[in-house]
Amino acid sequence: MIPLLKRAAVILAAASFAGALVFAMLDLPAPGVHLPAAVEANMAASGVAHPVTAVLLNFRGYDTLLEVGVLLLALLGVLAVGARATPPAPAPGEPVKRMFARLAAPLMVLVAVYLLWAGAIQPGGAFQAGAVLGAAAVLLHLTGILPGWGAPGLRLRAGLAAGFLIFLVVAGALLAQGAVLAYPPAQAGRLILLIEAGLTVSLGLILAGLFLALSRDSGDEA
Amino acid sequence: MTDPIAWLILLPLFWATAAFLLGPGRGARLAIAALLAQCGLALQLAADVIDGGARTHAVGGWGAPLGIDLAVGGLSALMLVLTQAIALPLAVYARAYFADGAPAVRYFWTLTGFLLAGLNALFLAADLFNLYVTLELVGLAAVGLVAAGGSARQVAAALRYLFAALVGSVMYLLGVALIYGAHGTVSLQTLAPLVDARAPAAVWIACGLMLAGLMLKTAIFPFHYWLPPAHGGAPAPVSALLSALVVKASFYLILRLSLEVFAPLAATAATALGLLGAAAIAWGSWQALRTVHIKMLVAWSTVAQLGYLFLVFPLLAPDGLALQAGVMQAIAHGLAKAAMFAAVGVLMLATGRDTLEGLAGVAGRMPLTLFAFGLAGVTLMGLPPSGGFLAKWLLIEAALTHGQWGWVAVVIAGGLLAAAYVFRVLRQAFLLAPADSPFHPVPRSMEWTAFVLATASMLLGLQGVELMSLLAAGS
Amino acid sequence: MSGGMIFAGAGAVLFTMGLVGVVLIGPLLRRILAFNVMGSGAFLVLVGLAQRDGGADPVPQAMVLTGIVVAVASTALALALARRLHRLTGRTTLSATDDD
Amino acid sequence: MSTSLAFDLLLAAALLWSAWRTLATPDIFRAAILFIVFGLLLTLAWARLAAPDIALAEAAIGAGLTGALLLDAVGALRARRDSAL
């Protein structure tokens, strides 16, 4: 009886909250500030031709800098929680799947490079490219070609941190000329491409790492 | 060129990354050196604010609302000084604490660097969405630090903490989404003149969601459930960082948002927040009186002391008394609680036990550490000349000015309860130890850092005027 | 009624569903799912509401890209902790007893 | 009502339905699969909202990586439980 009552109360509360939210949104007048116009007006000085990339890496690039920090932090947390120093040997996958993975992985790297390059003028960019790289690594891992992770060595750590570090160095260096991440318009495009290239590699490694560091204990009974 | 606003964020990010590159467990000396520099930067910034008032730094050179601004005023400058001033001694402490290479140290320095960068970025942020990212930075770093010990209890505490932090963030984010929908901007500076008491319903809901999310992160009663296991179960330096600084960050945000942007709406919730504060004082103190674990006692004391911060809201007025009281309480409690967790960590290492019972005899063996604990306790009780005394005095003065007598009773009762749980520890420490009880020597640097932090919380009351003039400078 | 508004409304309902789930559901993997649903709801409101009059707005779109990355980072950390807890204790929920 | 609006309504309903099933299904493996379906529907929604960047990220990260992480976790928990029996 009580659980039924509780359930009814929860459903009622949730429905009224969601309902109030929807009505409040329908009731909103048009906002006073119109940022898309400001984005449009400053596109020429942003160094890229795609508005979302301009917001992500120029107008609100500082958010993105901190966000890459969050991603690195999550990997640190995952590594800190794991206890094992050496990963288990990869389980051999089926030959057909391995063949598929060996063919698909280089293709995925090509797609990543394309997405990175395309991001300046159309949808795409470091995050999507990094995600594709990460997916390629996961695929190689699932087919038993790439081993899981233990504690990462120096070279891997450098790869993981490189994107963030490049971003940080650019931010700090530009501070000397006025403000954090204030690109000179003439060099904005090149600097953004440099940051994005670093991010693609590091994001790919981090996203892959989230999976590879986590999955190392799958099915083990140590 | 060397704007301290920017370097207070970039520098900890640099050393956090460098500590990661150096490898597991490394980076202690780097962190301490960098923290020294950060202390200098924070002090320089405070001096700038006293001389020149509040100012902003336009990241990317665009300026709000298109770009993101960083802003510093009296309140944020104070919080920045407090953060670096607590983090530096705790880093010295942690270096000795983790000298044996416990598993928790593997990622301690890099996680701490990210945590401090997140805190500094949060105090300097002036953009609702940017604040969301800094909240995540702080939250994930704190959870990682709690979990790094790796025991089942710590992992469970970290998970509980993570869910609270994540749900709090998403509630906050939905609030931001509604604000952007209503006003088309997330810059605090642009928003401030747009929000008034005739705000549409969506803005009210947004306010409620952001407030609820931040309360969950501040662990104010009844959202305190995650705090005691997380703060009580983590290694001592981590508990100290979390209790002294991390919960203050979300409180700071509630205070700042209700002062700067949502002032026309904030008054409606003020009394309710004050009542929750009173309930937190009662419940946290009661649990601190009951627990048998010394670290849980200190953690529950944090639940109670956070209550004082929320007593500020019903008393906020143009005279600024309540604001001063709240800031003073945040600073005094930060220093005192860092000292207390540091002292308890020393006592636990020395006796090898985590219960109050195990403390028998430490008065004779570790007088300095016990003295530090006692001094910090005096601040929590609110006896003169401590910072806690000044905070409570200002709070009582504010309550009397507005004729709200009820809050005076709460403040005095809270002080008595704090005395009761602090004396539980002191009385036990002065008992004679069983002859066969083991005792491990502890590095002196750990004892001294606890003592320095406790002394600072004690002498803070004498510097009240200077601190309050800084608070007034930017606002 | 525009497409943006429809998805903003759906987002509001998803957020509520996820919130109820996170609070009421015990098993950790499900709570993580509920958190993700909640987050997706907030993202939909952010973009949908901003674009309720049609016309793309790159600012909230960039914010959601940031949010998606933060969400996957949080999810990975939560899964790591949940798996660790399971390996140490065999439990798939948080019990009330590990508090003190 | 135009067809595009009808499609949006249908898609929103599908989103809500898949989210509901994800949270209500008793079997955790099925719940993870349903979550991936939810992510793919969300990808469509982003495309409808003229946000191809988010659609790409949602497909790769939201549905893809998160889904893989979830399935892997379900597998690990099951394997451990089975071997403990």
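In this document, chain identifiers A, B, C and D correspond to the written order of the chains, with residue numbering beginning at 1 in each.
Here, a contact is a pair of C-beta atoms (placed from the backbone, for glycine too) under 8 Å apart; a residue touches a chain by one contact, two chains touch by 3 or more.
Treat the numbers as computed from the prediction; the structure is a model and nothing was measured.
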Practice problem: Pick out whichever of the two, B-C or A-D, is joined by more C-beta pairs in contact. | Solution: B-C
Quiz prompt | Approximate Å spacing (C-alpha centroids) for the pair chain A, chain D | solution = 18
Self-check item: chain B and chain D, separation of their C-alpha mean positions in angstrom
Solution: 38
Exercise. Could you grab the centroid distance between chain B and chain C? Build each centroid from C-alpha atoms only and quote it in angstrom.
Key: 27
Quiz item: Rounded to the nearest whole Å, what is the centre-to-centre distance of chain C and chain D, using the mean of the C-alpha atoms as each centre?
Solution: 12
Quiz item: Can you list the residues of chain D that touch 2 or more other chains?
Solution: 51, 53, 57, 61, 65, 69, 73, 76, 80, 84
Quiz item: Considering chain C alone, which of its residues make contact with at least two other chains?
Solution: 8-9, 13, 15, 17-19, 43, 45, 49, 52, 56, 59, 61-63, 65-66, 69-70, 72-74, 76-77, 79, 81-84, 87
Quiz item: When you check chain B against every other chain, which residues touch at least two of them?
Solution: 129, 133, 136, 140, 143-144, 147, 150, 155, 158, 178, 180-181, 184
Self-check item: Contacting chain pairs - touch in the sense defined above
Solution: A-B, A-C, A-D, B-C, C-D
Quiz item: Along chain D, where are the residues that touch chain C in the complex?
Solution: 4-5, 8-9, 12, 15-16, 19-20, 22-23, 28, 31-32, 35, 38, 42, 45-46, 48-51, 53-54, 57-58, 61-62, 65-66, 69-70, 73-74, 76-77, 80, 84
Quiz item: Along chain D, where are the residues that touch chain A in the complex?
Solution: 51-53, 55-57, 60-61, 64-65, 68-69, 72-73, 75-76, 79-80, 83-84
Quiz item: Where on chain C is chain A touching in the complex?
Solution: 5, 8-9, 12-13, 15-17, 19-20, 24, 45, 49, 52-53, 55-59, 61-63, 65-66, 69-70, 72-74, 76-77, 79-81, 83-84, 87
Self-check item: Complex contact set, residues of chain B against chain A
Solution: 1, 3, 6-7, 9-10, 13-14, 17, 20-21, 23-24, 57-62, 65-68, 103, 106-107, 110-111, 114, 117-118, 121, 129-130, 133-134, 136-137, 140-141, 143-144, 147-148, 150, 155, 158, 178, 180-185, 190, 194, 200-202, 204-205
Quiz item: In the complex of these two chains, what residues of chain A are touching chain C?
Solution: 10, 14, 17-18, 21-22, 25-26, 28, 30, 35-36, 39, 51-52, 54-56, 59-60, 63-64, 67, 70-71, 73-75, 77-78, 81-83, 127, 207, 210-211, 213-214, 217
